[in-house]
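The same subunit A turns up in both complexes below, where it pairs with subunit B and then with subunit C.
Then we have the complex of A and B:
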């Protein structure tokens, strides 16, 4: 044995042992997993404009572009709501991969017109988004929303795994640490909901408040067990700048998927409102029902998300030929 | 540019083209999407696809006629496809080169010597073609045919690994075969091409009478064996060239310092072996194996009464026997499916059905989309018929035939929330895309657990009840009702021992009388005459493990024997 060689080897071995010990000490975990994870919640900003007041316009007519323009004018014009530099998100209903004519989704003409109006008054960007039920790619393209939105100068934000962040609504029973379609809303300054009027067996009607369902991710279908509560909580969570309820064609039966022109009825009504509860309370009449038939309208109003008494807003009522 | 460089350019071009076609097999009309790209072109050029389906069906389907071009060129020029065009061959050549590049001349020559085992591919070819042509008829060339093999490997493994957001059950097996085939190049260069490739074997036979071929000229050969230094086919150009093995790589032409090697109309001065080195006994064994294998596999009875209801085929699939006569496991349908619901089968469709398309409603982003007919329209062999939208959904002149059914949904009443647990749900009904819906509802009011109680007091809309304490607020979902006799009132709130109803009863319940707390349920029921088996209900069912509504292949349009209704 060579002394020098032995010392060198012993030193190296000691260093290796010390390094292993240090790594072990560094990683040492006495208690193990506690079964509780810390979730970093995001929160949804308030997009509403208190100074614009609580307002509503109901315009009848068959042409969506005309009716939505007239309704916005009745509320003082889009510039009352969208300011230069605003980053606008349009939450459409693109739930199903069906053509626009079948009325199961927000109409591309309407989406494009709203996007155009926002950009015209100086919006910095317009993003169209939804977390559809069917395959997102097929939904956005088959409904015609993607081509129409892109042609109008908007961007379509398709949900991906990274688009969702957990959210908790204060006082809520269901929306607790639940994934929210957050990425398209990050940095947004205005939010407009655009929804069609549709029959919905479980809740009674799918209108603007039900449309916020599309902001949820995860296995959100479990919330159907308690549909009126989830819609109420969505109405509490989202404070939109505006909602646009398109009752030009109303899906009377077989909703919310539809699939046939026979399911639709021409009701020629466009509703624009700052209050989604009021918009729904009026909108449900197009289905031949009343607000009293929808427990979620009563409950959302009770939770302070708006008023079920839409007439109290003294809505502007106009007609365009 | 010499001949070698020309060949390399061609190989790289066709490999890139192949990968490009795989990438663009995505539904859509953008440049990077399907639009009009001929994504099946390589499969159509592959004469083994055309020959196999011609043997089983006695027809050559649509674009498969391209194979005649390949056959004609092979009969004139030799195995140009292997050396110049085949993307799988290009990969083998590259990895073979990688394994050999540090080797010495003698070792390289040794690696490129002809081996008796190279006859195996001919036996594989014969076995597969006999299985396709006679008796039970099953097209199984897709296991080893290099174009379908590479098509499914790139689509099921390489693209998803490089970021395409798709899931394929058992993709690792498909990828494993591919990687194994590549790694064999480090044992012997072009191992797959030389020993296993049934398409190469077919080309070897087709090249029997080529007017042009590679061979030695008369003259002085220095016996340097440089011609075998990089010989891709191990066809022994130095001696009597084995023409059926030559891949037309042209390396020998370039390597020979004496310009002894030529590609031209003359036969080799050193002599030729024209035909594959197969034995009569070997061929007989291969043929008998092919003849017996399929009937042996079918002893399981999977084409008869032991058919698997888990095998839900995509829309337009032919009846199982005819489907197996055409499907080459290229998995183009699986690749093009916009929702990723079509999956390569494992063993659920039997050994013959491995890697054939089946629907798995838990994997994709949705079920089979009502307005989509992509799979049948991309299928190169019509194992999935190219349906029109009208035929698929049963409108226009298909009105009387009704929609194409892939199977049928069954509600598992032991798992379904409204049926088994008195919880409202109906997500399946909501998502059913058929008009009118194939899922309808039975409304029912059920007395909840401990719901039969006696009234202790009544104060307007508040009714105090006896019995065990209730969780405050639990009945406030708007789905609960208090029933007194025939009168029902919606419950809007509850404390431990009282409930508040929306409107007071016409006649207030008497103290001490019995009342019932009920829940309003809508129970889903499948309409057998409307369900198409698209599986969107199964995909959306909130019972996320074993779903409470599941599609199985009963009632599929393609098999009368599997129908559920009498007289349909």
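Then we have the complex of A and C:
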């Protein structure tokens, strides 16, 4: 290399370094991303009961109170799951401010009966909660859930700003530092999900695993673009004591909001299970679909959240007049 | 004068490779990190931008004499529509949604009986018809307040120009349904447009047509991204029902190209060409597509070839 080559090369190298530095300086975000949480993440406890095993009961009948009682009896009674002193959370679907008759939300009679059963076997408290986002007060009252739950001796926990804590699910793509409706669950010892069977415009079906979506805060609608992943991650995040899937009236079309009574079909089925994947795998059949139609069932099963083969649980099947 | 080129030494080569590998590792690391961008941060950044977005002008929503308002009217835009209708928001957002206004109204004579009116501003009549037709209930009963309108046991649904309107109650008593009808008529009187028609619907032959079975798919009809603004309708063909479709193009050349592209799409996705002209068998069903002037016409998912051809004949 001669002197001339050296100068040319050194000049080019300097120019490249200067340009790289300038681009880096131009792209540098001095403030950093806004809205990042400085609060320590929380994690949900495991509310499941390993000794109860994976079990399911399917009871047919038109009366929710009777069918849920019979289903619980078939699993050994509510006392198998709720012990004296337990602090129980009922995660209902109160997403819309519509009357129970339209079938878009958990039925107040069912919520009240489950609350009563828990209190009857000695639960220290029963809290009913959900995060409907839009006007929770109206959602809980117009669905009839608030008056029914309160009459049964439960407390309704509405979401407020302080109710949320960030959560990250290990291995998750979406649930990372995401606000979770945590306060009603703080100190709880048992968690029961109560959901209606509904058609869903994005996911194909709204059942027990989709019901956990209501535990998310923030602008959770971004997850609708990847609905099967978010439901799978919710199934990984929540390990419930029980799930109750109400297929007494199934919203066959135009879900999840419905609106017309014509969207509903009397399917007279109550499902109670310790395995939310299995409950959904059976529940979707009430919509005239199969578990194979819902990618999130296969994915949740693969993630170890339960089994998509509901028949393998040998569910107790009964009928009440 | 040209000097001798010195060959780099072994150490220099190793260091060079090390530098290049480090740069590649950094690039891969940046790529992986960006591909798993935290949604929480993404949403926080979006939220900061929301306040600067313009909102649409409020849709008129008055209270008729039969009712008293049960709370204030609510307004939702494309950013927060999900708060009101959750998973159904995408149905509207993908076809031109501008604004939703809704209001709960209680009967003056019976305050515990209430209904809710949802007024979706869809910007244009075809877009309003699109969401109306895609949600039409199977038990729909005729309703004469608008060109596109029906009622069910407890609700009224209609298109009024750019608006798609739902009036829903859980207490469908006679006084309530009468008042809901008055509410709807008042809205129509104030806004006009209820008698407008979509000319494309007249292109469907009326023989054997299942009444009120028209549906409009604005984007990606039948999973094919080039099929836009597709109108469908059902026809009786013997014991079967067959779905016919049509969509307009700018000229005949474009219509021919689109028909061919759709046929190719069917064949690339497991379809098998049938001897009958323009027919493809796909997953046990029969698809037919062809161009007729500026229109692309066809039959979708017919149960058998005979039924499909019987319907196609009416369009030829």
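In the analysis below, the second predicted complex is superposed on the first by the 281 of 321 C-alpha atoms of A that agree within 3 Å, B and C clash if a C-alpha of one lies under 4 Å from a C-alpha of the other, contacts with A are read in each partner's own complex, and residues count from 1 in each chain.
Convention: a residue touches a chain if its C-beta (ideal position, glycine included) is under 8 Å from a C-beta of that chain, and two chains touch if they have at least 3 such contacts.
This structure is a prediction, so every number in the text was calculated from the model and none was measured.
Subunit B and subunit C, once both complexes are superposed via subunit A, clash.
In the superposition on chain A, A:101 makes contact with subunit C only, while subunit B stays out of contact range. In the superposition on chain A, A:136 makes contact with subunit B only, while subunit C stays out of contact range. In the superposed pair of complexes, A:177 makes contact with subunit C only, with no contact to subunit B. When the two structures are aligned on the shared chain, A:2 is found in touch with subunit C, with no touch to subunit B. Once the two complexes are laid over each other on the shared chain, residue contacts for A:164 go to neither subunit B nor subunit C. In the superposition on chain A, contact is made by A:256 with both subunit B and subunit C. Contacts of A:47 after superposition on the shared chain: neither subunit B nor subunit C is touched.
With both complexes placed on chain A, subunit A has more residues touched by C than by the other of subunit B and subunit C. In the superposed pair of complexes, A:218 makes contact with subunit C only, with no contact to subunit B. By the document's definition of touching, of the two partners only subunit B reaches A:299; subunit C does not.
Comparing 3-11, 75-83, 201-209 or 291-299 from subunit C against subunit B in the aligned model shows that the clashing stretch is 75-83.
Overlaid on A, the two complexes show subunit B and subunit C touching the same residues of subunit A, namely 96-99, 133-135, 138, 200-202, 219, 221-222, 224, 227, 253-254, 256-257, 259-260, 262-263. Of all residues in subunit C, those touching subunit A in their complex are 1, 3, 6, 36, 38-48, 71, 74, 82-91, 104, 116, 135, 137-140, 152-155, 157, 166, 168, 170-172.
Residue ranges on subunit A touching subunit B, taken from their complex, read 96-99, 133-138, 141-142, 160, 200-202, 219, 221-222, 224-229, 253-254, 256-260, 262-263, 295-296, 299.
Those residues of subunit B that touch subunit A in the shared complex are 27-28, 165, 338-340, 364-366, 369-372, 417, 423-427, 429-437, 441, 477-479, 490, 492, 522, 536, 540-542, 544. Those residues of subunit A lying in contact with subunit C across their complex are 1-2, 33-37, 95-102, 133-135, 138, 166, 173-174, 176-179, 200-203, 206, 218-224, 227, 253-257, 259-263.
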